[in-house]
Amino acid sequence: MRNECMGIVNLTKKGEPRISKINATRPISSTPIAGRYRVIDFVLSNMVNSGIKNVGIYAKEKYRSLTDHLGSGKDWDLSRKKGGLFIFSPENTKYYNINASRNGDIYNLLANIDFIERGDEEYVLIAPSYMICNIDYSEALEYHKKSNNDITMIYKNINNADEDFKGNLTLDLDGNNRIISIGNNVGAFPRANISMETYIMKREDLIKCIYRIVSKGSHLFLEDFIIEELNNIKVGAYEHKGYLKCIDSIQSYFEISNDLLNRDVAKELLYSDRKIFTKEKNESPTIYTDTANVKNSFIATGCVIEGSVENSIIFRKVKVKKGSVIKNSIIMQNCTIEPSVELHNVVFDKNIFISEGKELKGDESYPIVIEKNISM
Amino acid sequence: MRKEMIAMILAGGQGSRLGVFTKRIAKPAVSFGGKYRIIDFVLSNCSNSGIDTVGVLTQYRPLILNSHIGMGSHWDLDRINGGVYVLQPYMNEKEGNWYKGTANAIQQNMDFIENYNPKYVVILSGDHIYKMDYSKMLKYHKEKNSKATIAVIEVPWDEASRFGIMNTNKDGSIYEFDEKPSNPKSNLASMGVYIFDWDMLKGYFNSSEMTGINYDDFGHDLIPKMLEDNVGMYAYPFKGYWRDVGTIQSLWDANMDLINESDVLDLNDSRWRIYTNTMAMPPQYVGKDANVHKSLVADGCSVLGSVENSVLSHGVEIGKGSIIKDSVIMPNVKIGENVVIEKAMVGESAVIENNVVVRNNDEINVVSEYEVVKPEAVLEGGY
Amino acid sequence: MRKEMIAMILAGGQGSRLGVFTKRIAKPAVSFGGKYRIIDFVLSNCSNSGIDTVGVLTQYRPLILNSHIGMGSHWDLDRINGGVYVLQPYMNEKEGNWYKGTANAIQQNMDFIENYNPKYVVILSGDHIYKMDYSKMLKYHKEKNSKATIAVIEVPWDEASRFGIMNTNKDGSIYEFDEKPSNPKSNLASMGVYIFDWDMLKGYFNSSEMTGINYDDFGHDLIPKMLEDNVGMYAYPFKGYWRDVGTIQSLWDANMDLINESDVLDLNDSRWRIYTNTMAMPPQYVGKDANVHKSLVADGCSVLGSVENSVLSHGVEIGKGSIIKDSVIMPNVKIGENVVIEKAMVGESAVIENNVVVRNNDEINVVSEYEVVKPEAVLEGGY
Amino acid sequence: MRNECMGIVNLTKKGEPRISKINATRPISSTPIAGRYRVIDFVLSNMVNSGIKNVGIYAKEKYRSLTDHLGSGKDWDLSRKKGGLFIFSPENTKYYNINASRNGDIYNLLANIDFIERGDEEYVLIAPSYMICNIDYSEALEYHKKSNNDITMIYKNINNADEDFKGNLTLDLDGNNRIISIGNNVGAFPRANISMETYIMKREDLIKCIYRIVSKGSHLFLEDFIIEELNNIKVGAYEHKGYLKCIDSIQSYFEISNDLLNRDVAKELLYSDRKIFTKEKNESPTIYTDTANVKNSFIATGCVIEGSVENSIIFRKVKVKKGSVIKNSIIMQNCTIEPSVELHNVVFDKNIFISEGKELKGDESYPIVIEKNISM
C-alpha cells in the first residue's frame, strides 16, 4: 500500500494576515484556538485522517513556536521512519538569499524542493493552515483522479460573501466544475465560490511548475501562476460542503469561537470520527466548585472554576475565582482571573493575571485583545 | 550497567470485588478520577522517584492494560536501558505456569530482574492510590541497613483489624506481622510496598527451587519466613494520602476525596505529576441550561444537564434535563435526557437511555461496563 | 476508524528443532543475517505493506521477543491508532488457557482483533525469511472475491512431499489441501500466509464456541473444514525468495544465501527495508593480520583472525590466529586465539576459548547460546 | 532521586575553529567522526552516561545539521517528559540583537537563561563538543562536592604540549589542585595541564555569574571572567587521566582517526561500558567479497568492500570496487570508489564519486580534503 499523496502545508501567503497582538510573537499557524488546539492542528489532522503520511510544512518566519508545538510530530502520528513531518524554512534556503525580494511561496518551495522530489507519492496536496475545517481530502483526491484535471482546487460555495471571506480568492466555474477565472471577493455580492487555497496535482507536475515559474521569473506565488495558466491547463474545482472559516482577522477569529458554541459546528469540527490531534498535555480534570456557574462554554482541563462563565472559551489551566463573570470571551492558557472581575468580549492571550474587581468590556465586533504575560 | 533499584508492580488481581468494572479490564486499568487509570499513580510514582525500569505482572485480561501502558512514554518510561514491560506467565521448555501468588509471580520473572542486575527491588501493588517517593524509602532502607523494608501507614485503631499490621520495635524493626488481627497491637498497616535487597530475595527463590518449599505469597509465606529467619526487616512510616481501592465502596470514596479534599491528593502538583495515557479529545462543553457544581470534569465531556458532587470522565455525555449527583461516571458513558442518577458508579462505555432512574438507597448503585440501560428503567439495587 | 486489514503473527513455537538457540529465546527472536532476528522480516513486510496494526502471538520465553519488539518504533509500528502488541495467553473470569494451536491462538485473541474491527486479517508465521507485499495479495484476494487466500510458492517436485501442498483449479481456487503428500499432485506449497475475511473467520470461531467443536490448527482443522464448506479459497502464487528456517540446516542455509546470493534477498533495497532493533555499537574493526573474504560482518565486531564465507553478527570478537569458515556466529560471541571453526553455528553470547577446534564433519556443528567452550576442546559432533 | 546535575554543551568558542572544507556547511559539533558518529555524540554520551538527564545545547550558527542529527534526542535517551534535550540558538535571542558584536558565549547563555533557571538540579556541568574523550563526569562532580570549590575545571596533564593542543588554555595549579593562573599553550614546553573547557559549579552560581558579567559588560566569554576572578573565587581542577583529543584542525582530526586504529584508544573511547550513542541508522551488515583485503581499519555497516583498505576509516554505505586501494584515509558516508582507484592520505566528505583508475595522494600531515557531493 504505497502512499498515494504527500501533503504540503503552505504557510507563505501574500501579505500574511495578522490577527493582532496574539500573533505578534507567533505566526497564525500556531495561534491557540478552540480551547486546546493551534490553528495548524486542523490542516495537519485533516491530512493525517485522509491517509497522508508524509507532510512538509513550508514556514516562512518565527517558526520556533511551530517546532515547539509540533515536536517530532508524534502527537499527529507523524513521527515515522518513512515520511513523517518535516518543517522547512528560509533558514536553509540556498536560493532565497540571492534575491531577498523573491519572497513568494514559490521560492520557499524551491529552496526545499528536495523534499518534494524525494517523495514517492504520485500526488501532492497543498493547503494553507488558516482555512479551518474538518474535511476528508481523500474524497477530493478521488474526484481529482476521476476528473482528469491537471490541478483540482477545493472551494466552498457561500451565500454571505458580502459579510465574510472578504479579500479571499473566488472561483468562476463552468458547468463541468472547470475553473474559468479566478477573482477576488470584494464583498459586493452574497454568493461566491471561495477558494480554500488547497490544490491537488501530480507531484511531478508541481516540481515542473516550480522550476518553470522560477526559470521564467514570472511569478512569486503559485496562485498567480495558476491564474495566468487557466487557459492552458485544466484546473477543476471540488466543493467542500462542510463548515469553513478563514482566520485572517481578529473578527473572524472571534467569530469562529462563537460558531464553536453552536453544537452542530462543534460536532462537525471537533467531535467527528476524523479527530483533531494536538500536542499532548497532561492536565488533571477541571474542578468546578459549588459557586461555579458555567453556561454554553468550552472549558479545557486543568482549570479551577469558581465564578461564572458564559458563551466563552476557556483554555487549559485557567483559574476563575469567586464572583468573577466572564462573558463572550476567549481566555487562553494559564490566565488567572481574581475574584469579582468582570470580562465581556475580551481575548486574553497566555499567562495574564487580572486582579480583583477589574472590569474589561469590549464590543462584539471589536473585542479587547490583551497580549500575553501581562499582569493588571 | 547495573541498576540500583527496579520496580515490580503486582497487577495480576482479577479484582473480583470490582467485578462489574473488570469484565474486560484488569483491576489496575479501571478508570479513576476522570482521566486516569488506577495504575497511573504507582507508575507515576516510579517515574517521579527516578526508577526507570518497571515490570508490570499480570495474567488477567491484559489487553487494555497493555495498550494503556504501551511503550511507557506517557510516564517517561520509554528508556533505552530499562523501560516498562508487561510480564505475563509464559511457557518454558517443561511447562507453563500461571502465577500462584504475589511472590510466585516475582519468582517466575527472576530472569527479567536478573537482566538488570539491580541491588534493590521495590515491589508495588497496582491498585493503590497515593503519591510516594520511593527514593526516600530506599534511603531509609540503606540507613537502617535493612534487608527488607515495608512501608506502613497509620490507620484508625478501629479499622486496624482490617489490615495487615506490623508490630515494630522502637528502632522501626519489625518483630511481628499480624494479618487482620482481632486485637491489633499497633495501628501501622502494611501498604503493600516492599523494598528488598535483591540478592537476599533471590536467595529465597533459589532455595525454594532446590527444596521445593514454595513461597507463593509475600504476606502469607515469605514475610513470615523472613521474620522467622531474622533477616532484619524495618517498617518505613509513610504519612499522606493512601487508599486501597479494591472495593466498590473504597473506589467511590477515593473518587469523592478528589472533589472534597482536592488538597490532599493535588493532581495539579507540577513537582509530582500523575501521568496518564491521554486521549485526543476536544475540550468539555457545558450547555446553556447546564449546572455543574462541586465536580471534576474531564476532556470531551458534553454536559447539558445538572451535575453535582460527581466525577465525569473523558468522553461522557449528559443529556438535557438529566441530574447526576454523588456519582462517578467512567469514560465514554452516554447518558440520555431526563435521567436521574444518584450515588452510583457507571462503568466505561455504558449507555443509559432517556428517563432512567438510578435511585439512592444508601448503597452505591453500579452499572456495568458496556451495559445498556433501556429507557424508563428504574435501578434501585446496590452492588 | 475501521481498519482494512490487520496482521496476526504466530510466534508461539518453542522451536525445539532449533533447541540450542532457543533456551532463552523464542524461535522468532533467534539471530539471523548478522544483525537481524528472524521475526524482523515479517514485521518489516507488514510495515512496508502499509499494515499498521500487528498482533504477535507467543507463549514461550517472550522476554527477548518483547524487548526486541518494544514499542515497534523500529518497524515504524508505533502508531496512535494501531501498533504492534505481543499477545500472550491470559486468564479470563473462568480460566486460563495456553494456546492449543495456531487457530486457537487467534481465537483466544478475538477481542484484540474486534477492537480494530478489520475487514481482513492476514495470518503470518514468525519464522520465515522472505520479502512480500501483502497489499498485493490483498488485491488478489479482493479481485478473486475470495474468502480465504493462501500464499503458495513453487517448490522443486522432489521436495514437494515435505510441504503442505495446495491443489488448485485453473482459476486458482483450491480444491484440496494435501499435508506432506507422498505422491504430490502439484508443487505449490503453502507459505503459511493466509488472508481471511474476518467476518467469516469469526463465524467459525463463534460457532466453535457454541458447538464445542474446536479448530485448534489452521492446517489440520480449519482449512480442511473450510474446503469442506466450499467457502471459496484461492491460492496466491508468490515468486521470490522464501525460506522456512525452522531447522538448524535451513537456518544455516538461509544465512549462507545472504553471502552467496545477496541479490536474491537484497538487504540494502531502500524500497523494501528490513528494519530491526539496532544496537548502539562502534563500527567493525579489522586487524592488521586479519583476512575477511566472502563474508557479512555487522557493527561492533573485532576481527583479528581469518574469516571466510561466514556471517559475523554484531559484537562478535575473533582473536588472533583464529580461522572461521562456512559458519554463522551469532551476536556477542567471543572467540579466543588460534581457534578453528568450520561449518558451525555458534549461539548468542557463547564464549570459545583459545585453541578450540570445531571441526567440519559434513554436519553442521552447533554451540549453544551462552555456552562456554574451554581451551583446547575439540568439538566434532553435529547437532 | 532528584537529578543532581544539568548539562550544558557550549558550542560558542572564541574564534570557532574551522577544520576545513568538511565543516564549511556544518559546525565542528556535527562533523562526522570515527565511522558512524558526529563530534557532539561524545560529550552528549558522556553526560548521559554520567546520569545527566537534562541537557541544553547552546549553538551559535548553522545548527540545522545539528537538529537533523539529534532529532528528539531519543537515540541518546534524552527524549523525556521532564528534562531531555534542548537546542538553543541566537534565532530566539532577545538580547543578542541589541549589540551584534556581543557574540561571546555569555550572551548566548543569557539569551536562553530560562532553561538554566527552570532546572531544579543543584549543579551544572558545561562542556564543549570538540574535546573528544570518554569520561565519567559523575566522578568529577563528586570531587567538586568534596573539594568545596566554587568552580571545578577538568583538565588533562600532557607531555607533548609542544606538538599537540597548541592554542589551548593551560592551568597553573598549586599543591591542592587550586588553579592559580590560566595561560595559553604556545608550544614552548612539553608538559602542560590542558583545560578541557569543562566547568562544574552550582546552577545558582552560574546564573549569578551570567547576570553579573552582563551587567558589568566586562566580558564576552565565561572563561575570561574566570581568569579575572581566580583570586576571588575558589577554582579547582579535576584531572582526566584518559585519552583526550581536541578537534580544532584538519591535522588533529586526522590524528584522532589514526589514534582510533590503536586498539587501546578504540577500547577506551568506543568499546567502553560507557557507550557512545549516535543517531540510529538501519544499515545491513557490510559485505566483503572474495577480493576484499582489509587491514587495520574501521568499517561501518552498509558497505560493500571488493578492494583493499588499510589504516583507514570507512563510514556507512561506502562502496570500494575491485582493484582499488585505500590507505591512511577517511571515507565518509555514501562514497563510491570505482575500480582501480588509488587513495592515500585523503579525507572524503559524504557522497563523493571517484571514477575508475583515478589516483589521489596527500601527505600524512597535509591530507587531501574533498568536500561533499563531488564527482570526479
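For reference, chains read A, B, C and D in written order, and residue numbers begin at 1 within each chain.
To be clear about the criterion, a residue touches a chain if its C-beta (ideal position, glycine included) is under 8 Å from a C-beta of that chain, and two chains touch if they have at least 3 such contacts.
Because the structure is a prediction, the values reported are computed rather than measured.
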Chain separated most widely from chain B, comparing mean CA positions: D
Of B-D and A-B, whichever chain pair has more C-beta contact pairs: A-B
Inter-chain centre distance, chain B versus chain D - centres from mean C-alpha coordinates, in Å: 46
Averaged-CA centre spacing for the pair chain D and chain C, given as whole angstrom: 41
Touching two or more other chains - residue numbers and ranges from chain B: 74, 78, 80, 273, 275, 280
Residue list for chain A, restricted to those that touch at least two other chains: 75, 79, 277
Complex interface listing, chain A residues touching chain D: 64, 71-72, 79, 91-92
Residues of chain A defined as touching chain B within the complex: 34-36, 75, 263, 266, 270-271, 275-278, 280-302, 309, 313-314, 317
Residues of chain C touching chain B in the complex: 14, 23-24, 58-63, 66-67, 70-73, 78, 80, 83, 85, 87-93, 96, 98, 111-112, 115, 280
Chain D to chain B touching residues, read off their complex: 1-3, 75, 77, 79-82, 273, 277
Sites on chain C touched by chain D in the complex: 33-35, 74, 259, 262, 267-268, 273-276, 278, 280, 282-300, 302, 307, 311-313
